[in-house]
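These notes are about the structure you will find just below.
As written, the chains take the letters A, B, C, D, E and F, and residue 1 is the first residue of each chain.
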Amino acid sequence: MKNIFVRDLKVGNRIEDFFVLRKKELKEYDGQKFLKLELGDKSGRADAVIWDEAERFYHQAEVGDIVQIKGSITTYKDSLQITLESLKKTEEKVELSDFLPSSEKDIDQLFLRFKDMASSVKNPHLKALMQNLLGDSALMENLKLAPGGKLWHHSYLGGLLEHTLTVAQICEKAASLYELVDRDLLITGALIHDIGKIKQYSTSGFIDYSDEGRLIGHIVSGYDLITRKIEKIKDFPQDLALKLKHLILSHQGELEMASPVVPQTLEAIILHYADEMDAKSGAFTHIIKREKTKDKKWSDWVPLIKRFIYLGEEEK
Amino acid sequence: MKNIFVRDLKVGNRIEDFFVLRKKELKEYDGQKFLKLELGDKSGRADAVIWDEAERFYHQAEVGDIVQIKGSITTYKDSLQITLESLKKTEEKVELSDFLPSSEKDIDQLFLRFKDMASSVKNPHLKALMQNLLGDSALMENLKLAPGGKLWHHSYLGGLLEHTLTVAQICEKAASLYELVDRDLLITGALIHDIGKIKQYSTSGFIDYSDEGRLIGHIVSGYDLITRKIEKIKDFPQDLALKLKHLILSHQGELEMASPVVPQTLEAIILHYADEMDAKSGAFTHIIKREKTKDKKWSDWVPLIKRFIYLGEEEK
Amino acid sequence: MKNIFVRDLKVGNRIEDFFVLRKKELKEYDGQKFLKLELGDKSGRADAVIWDEAERFYHQAEVGDIVQIKGSITTYKDSLQITLESLKKTEEKVELSDFLPSSEKDIDQLFLRFKDMASSVKNPHLKALMQNLLGDSALMENLKLAPGGKLWHHSYLGGLLEHTLTVAQICEKAASLYELVDRDLLITGALIHDIGKIKQYSTSGFIDYSDEGRLIGHIVSGYDLITRKIEKIKDFPQDLALKLKHLILSHQGELEMASPVVPQTLEAIILHYADEMDAKSGAFTHIIKREKTKDKKWSDWVPLIKRFIYLGEEEK
Amino acid sequence: MKNIFVRDLKVGNRIEDFFVLRKKELKEYDGQKFLKLELGDKSGRADAVIWDEAERFYHQAEVGDIVQIKGSITTYKDSLQITLESLKKTEEKVELSDFLPSSEKDIDQLFLRFKDMASSVKNPHLKALMQNLLGDSALMENLKLAPGGKLWHHSYLGGLLEHTLTVAQICEKAASLYELVDRDLLITGALIHDIGKIKQYSTSGFIDYSDEGRLIGHIVSGYDLITRKIEKIKDFPQDLALKLKHLILSHQGELEMASPVVPQTLEAIILHYADEMDAKSGAFTHIIKREKTKDKKWSDWVPLIKRFIYLGEEEK
Amino acid sequence: MKNIFVRDLKVGNRIEDFFVLRKKELKEYDGQKFLKLELGDKSGRADAVIWDEAERFYHQAEVGDIVQIKGSITTYKDSLQITLESLKKTEEKVELSDFLPSSEKDIDQLFLRFKDMASSVKNPHLKALMQNLLGDSALMENLKLAPGGKLWHHSYLGGLLEHTLTVAQICEKAASLYELVDRDLLITGALIHDIGKIKQYSTSGFIDYSDEGRLIGHIVSGYDLITRKIEKIKDFPQDLALKLKHLILSHQGELEMASPVVPQTLEAIILHYADEMDAKSGAFTHIIKREKTKDKKWSDWVPLIKRFIYLGEEEK
Amino acid sequence: MKNIFVRDLKVGNRIEDFFVLRKKELKEYDGQKFLKLELGDKSGRADAVIWDEAERFYHQAEVGDIVQIKGSITTYKDSLQITLESLKKTEEKVELSDFLPSSEKDIDQLFLRFKDMASSVKNPHLKALMQNLLGDSALMENLKLAPGGKLWHHSYLGGLLEHTLTVAQICEKAASLYELVDRDLLITGALIHDIGKIKQYSTSGFIDYSDEGRLIGHIVSGYDLITRKIEKIKDFPQDLALKLKHLILSHQGELEMASPVVPQTLEAIILHYADEMDAKSGAFTHIIKREKTKDKKWSDWVPLIKRFIYLGEEEK
């Protein structure tokens, strides 16, 4: 079990603890090999170095592993650095949520609501599909863990489930407002639209893109996954299958956002805006929570959306 | 009162009825002056011509007037044409909804719900503002009549009110989903975000842009209107006023969509996507209703959004 | 068998022949129902009309069917019009190439070269995949028939095969020029990159998009088709599968061109430019052939690429 | 009064002087609180630190205040740092131009020419408006002080007035060249087009955006200000008012440059290009003056306009 | 000499006159060859047809020639058509300004001012260049005739000279406003910036692009022309030559506007905006003059700049 | 001759060697002048400093010179720094390839193939042009040395020749595939398309843009060079000259890529894509070679093309 987090490290202390190995590089200085590392946990990252037996330790663990280390906290170029005496991949069972940021919400609670929404679908073909998905326990375990993004919104364990549920609730509302909407199609689409994100990230020790995430992309991964599930449902109507797959493929809304087709049905255009609303609201919320302090009315410049965000008035 | 609508005119019949004068032009053929006109009502448009006393009739009415005409239905170059004997601006009281397309919903019913939502606002300053608006009966009459757009979505009498209410309901839902949202601010913003559209269109006889609509634009017109209302509310906090005006100014979401500032608050980003969702859903609904027939699975090409829209399966 | 083509029709003649039914619409004039049609073959299109028993004939054939008609050539508003006495869906076996434009090249010859290139692949996994594809005779029949586009380039029967082969030959050259290229991967990718176009068009009687072509798109259709073929090959390496699928998904080169991922491998970037070179050269060639006349040095304005094309000097 | 400027500070010296407080942050190192500051004047910025009674000094002044400090010049990580013994908000009257960069021109001289141009307007309504503005002495004081931009051009005290006058002179020239121009309308528009910048920046101690500058923007602020002034002029014609407001709203020329409407009158299109010419010429001039040295023919890369600027030949 | 202009033709009259041959096409109707033509003059265009000896007349003249015709005014499909009896290329000397639109200004007057501005250049190298240009009488004749554009602004004989002078006058003003400007360089650049347009259009009988205009473009043609002139000036400094050529190459301001380099000197950025201001003002002026009528406050939609233009108030 | 390269420098050693002077700046510290330098060779760059007689040494050499230095390797702020005792511009003959990166291929070999391709042109006019170019030995020496780019692809000595040859070979292939191609025109165009790059870079000691490279650009420089060569060929047909120049001017393919005209001939569109294919393949190859290591499957983020590049599987 972890004893101390990166943000609490103090120069001069001894340390014996678990971290994620984020980077490793074998370097040379004045003819001597040494090992330069980056360690991390959910609270931050720290540089580390091993001077003795660098080459041996280099082979003890791979990037993404949880490692057990011994050493002391020093400084280098005015920054904190952990000087390690030893490092090895741990065999112990650790809490992934110590190493990666997690949703603040109760995942089991979220999952119950996911099941409830799935159960509310009445169209027999879509209902069968959702039951099939719920019955795939490996998939469901992944759904509960997966992040919703790498950098920008819902980028924490459970983020995908959280995002999925909010999108589905906005769609539920929209279904009640627009008479031509096929409610069951829209809700099913909302519940599965980002399912490909399960394959987009590798989350062994920190969140990064998987090869499939980069070479195929989460949209096509999700399309692929759902296509195979549909094939297992007997007599699933072809028109319905096309419309459901279209929801996954078009949900980013524009070609330049990586959707290979643009929304061409009423359900698709609604799903797209529900997704956008939650993605952007999630990002704004994240920035406000991270940056709001007593004196600060404005966030720092946010390059991704090219603006400052208003954090709210100063407290009196 | 109107007897017959454009779509029901039959060649050979006599006609004596009311129409909107949409265009007029004094032309010459073989040395003789004649008057070329376009007449219209909520069901469509028809060409018309006056051969005798063209110049006198030219001065009888202006574009946008409701005119009373006498004549007969003829053809010209294989198209229907009304050959007029007389034309004059009517003095009679007519039903505007005979001449312009109207919402299919009950406007009074919609307005009741608008008042309900306004009443649900608890923040005393915003509540005072909404009461002031509700108390401005001329403004409210305009709100009930105004279209939501010219070409694309909600382009009919009552369209603005319809659009406003749906946006507010989506925002209501969002306020329940995002903890940091100031619900009263968001709902107030939703209810007034497009109020400037009242000044953007001239709807004397058909929907067109007003000079102010083109030279100033509905966003700044709405900003102007609300700024003056806020000044009438005693002690309206300056921060709150800035945030509310920001909702109006930024609701189009991007500079290139004519917002002079981009959304910089959580409420602003939510309002933008609620507005987009309803605008696009309204347009999709409009196209599907207009084009769906038994044999047709796909709409014609829609240039404004560069796509075909899927109308649904063929009926069996 | 067809007797006469659209471009050779002469006013006043009787006609009894086969055409594609391109459009049909039941209309009314002065209380009488009539049927307005568009007929076509590989040489062009013509309007047609049926005055008697319009409703009965309306149900005799669907858009896309090859129909047998009887009638005479008349004019309407200075244009040629076929006045039909009867129309029915044909039961006879017709030559599709009478009705749709076809490649000028010998399709069987092209297909032999396709097989040759497939056989040149030495990597055992890719070789197995290509053999599997060649063994799927229904698929190969479709490949030989499919057009390469609807409007712009290779928009004729056999166009897909023609395009595929030229792209593969450019890639073959590139493989000899760039040392790091995996030649077999690149050639396989070139041979299958547009295979999804088989599902993108419906070519019953004329070329149009299928529902799948619009809602899913040819890129994902091709990805889907190849993914299933790969699964049938025993021990197909996962890395190789990812790289091959990536070639299909990224070959349009940019997200805004409907690729859900951009090229991230050397083979992918080469395939993209080979594809672009042949698509644009095909379009330029098509325009030059269609528009070049003795007096004309410049094409008409080409809206899709916003330029005039130089057709060559005037002949002396 | 200031004794020494940032650019002249030397390590080892004692210091007792006035600066702008640009940033303040209470931090902790090894359990001890300290205060990290940024001080500045018109010549540059310097880091500063307070080790004792950090919390007390934290409350002595706010960002933007002119502070009186005592301390000594030290170094930290190879950079100069001021180690403070005390800091307090000054009560003394200071010269703002010691702390902020100022126009090189004589502001009173510029203002005289502004008044001259205003007086040259003959249209009685526009003349009355300009007189009203000139008579608003608080407004005129702000106009004389305001910068024309934050980062890019005319970003110094008096910059707004300088920019305004040059734009008006270019417009004067254009009015003499184009027969259809309403000269008085154009000159009035030029003189007020950027008046909203008065509210866009907060210049207490350094130039930054105000809340209104960010949430409303200088275009709408200027529109608002002029709209109210117009209302005070009796019988100001509505058409003229619309055209004048349109000049303010459209002067950035394109929606993506934050104008809510594009130029739709001849005067508006001229004003836009006059504004652009002076903005870009001001920026080029600023870069050339700052970077031109004996050996240097080219500026450093200028990210905002993505180019190098030619500074002129090397001197012999 | 011309007797009648296109806009004054009346059905039923005989005609014997000169026109520009704008298009010719040999067609066939019912086995008989006929010749379809478009004739034009400065007042408009008219369709024409020759029924007898079509093939012989086809070879009598080329597109762009001034032709002498005999025939009578008829109608076809409700439009006016000239039925010709004969057509031949004229040998007579005609007034080009009868056939092409011309500047409303006095060209000789404009040219005097051009010479004055050229003479005001004091830098000896630039002065020598301008004298060389003025001494090239063939070039100067072309400059006096050339249009400034094909479709959009200054698209009439003399338009280039008119545009050149106005741009130079705006630059003159700017040179007096910006201290760092090299006035002589800027004025010389303004006077020659569009000189390549002389080669861009073929104006034999109507304005169209020349082959060089399309394949090379007026910017590079102008660069080429001036480069050769500079080489004839002894000891023209290389730096000065680079800066002057840069003015020509960069004056469109952006790569996407066909400048191969962006403005990198102060003179270049000023010249660009002077050019833009006059081009757009010319276009606005042209539209206002063409469309302003008593009843019309707004122009028709102008697709090239995606807006309506305000024409001014209605007259009372 | 060089003894040691930058990448092999070791702290503590004495050094006496040749480097390129990349930057020089006379600075002041505590009242004393010193000289801050950047030195470089083909293996990298290093900072250097001269403390004594800084001003005298400042005048001993210019940026771009090869300098002979004496000194010792020290550190400053944890980075390596060369502390110089002396520096002077060398008079010795040095190997430019020691200081600048060079092609891995044999330049003479490449040049032989360039001559072979030139000889394969059969059109007598184009053949004469190519012979004239080959006979210009100063030009050919420059061609052999010139880099193909500064930052992105073929950015090493000989890179231009390497790029030119590969583009020509792709074009050769295309000429065999497309029937309408003028093979000799295309090959000639390929061989000269980037000839202007000879003037775009100054490569005295390191690769940087020349003044002409920035103010005129390599496209127009190449156009200029070839235009003059064509003029030396007797009876070179004007049409052919236009088409050849068009190949140079349009080869970047789009206006925004700095081509002043877009490709309007079949040869031009092919040359453009051949150029793009080799430029991008060159860049991908460069990145893969530089970044591929045993553990690394993905390149670092490549900002210029906004993606990661897949480097290939991990080795087992």
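Quick notes on this structure:
As a convention for this text, a residue touches a chain if its C-beta (ideal position, glycine included) is under 8 Å from a C-beta of that chain, and two chains touch if they have at least 3 such contacts.
Remember, predicted model here, so these are calculated numbers, not experimental data.
Listing every chain that touches subunit E and subunit F alike gives C, D. Common neighbours of subunit B and subunit C (chains touching each): A, E. Between D-E and B-E, more C-beta contact pairs join the chains of D-E. When chain centres are defined as mean Cα coordinates, D lies farthest from subunit C. For the pair subunit A and subunit F, the distance between mean C-alpha positions equals 43 Å.
The geometric centre of subunit A is 42 Å away from that of subunit C, both derived from CA atoms.
Within subunit C, residues 211, 214-215, 239, 243, 246, 264, 308, 310 each touch two or more of the remaining chains. The full set of touching chain pairs reads A-B, A-C, A-D, A-F, B-C, B-D, B-E, C-E, C-F, D-E, D-F, E-F. Subunit D contributes residues 166, 169-170, 173-174, 177-180, 239, 243, 246, 262, 264-266, 269-270, 273-274, 276-277, 280-281, 284-285, 288-289, 305-310, 313 to its touches with subunit E in the complex.
Contact residues of subunit A toward subunit C in the complex are 211-212, 214-217, 219-220, 223-224, 227, 239, 242-243, 245-246, 249, 255-261, 264.
Residues 30, 63, 77, 211, 214-215 of subunit E touch subunit C in their complex. The part of subunit F that touches subunit A in the complex is made up of residues 10-11, 78, 295, 297-298, 308, 310.
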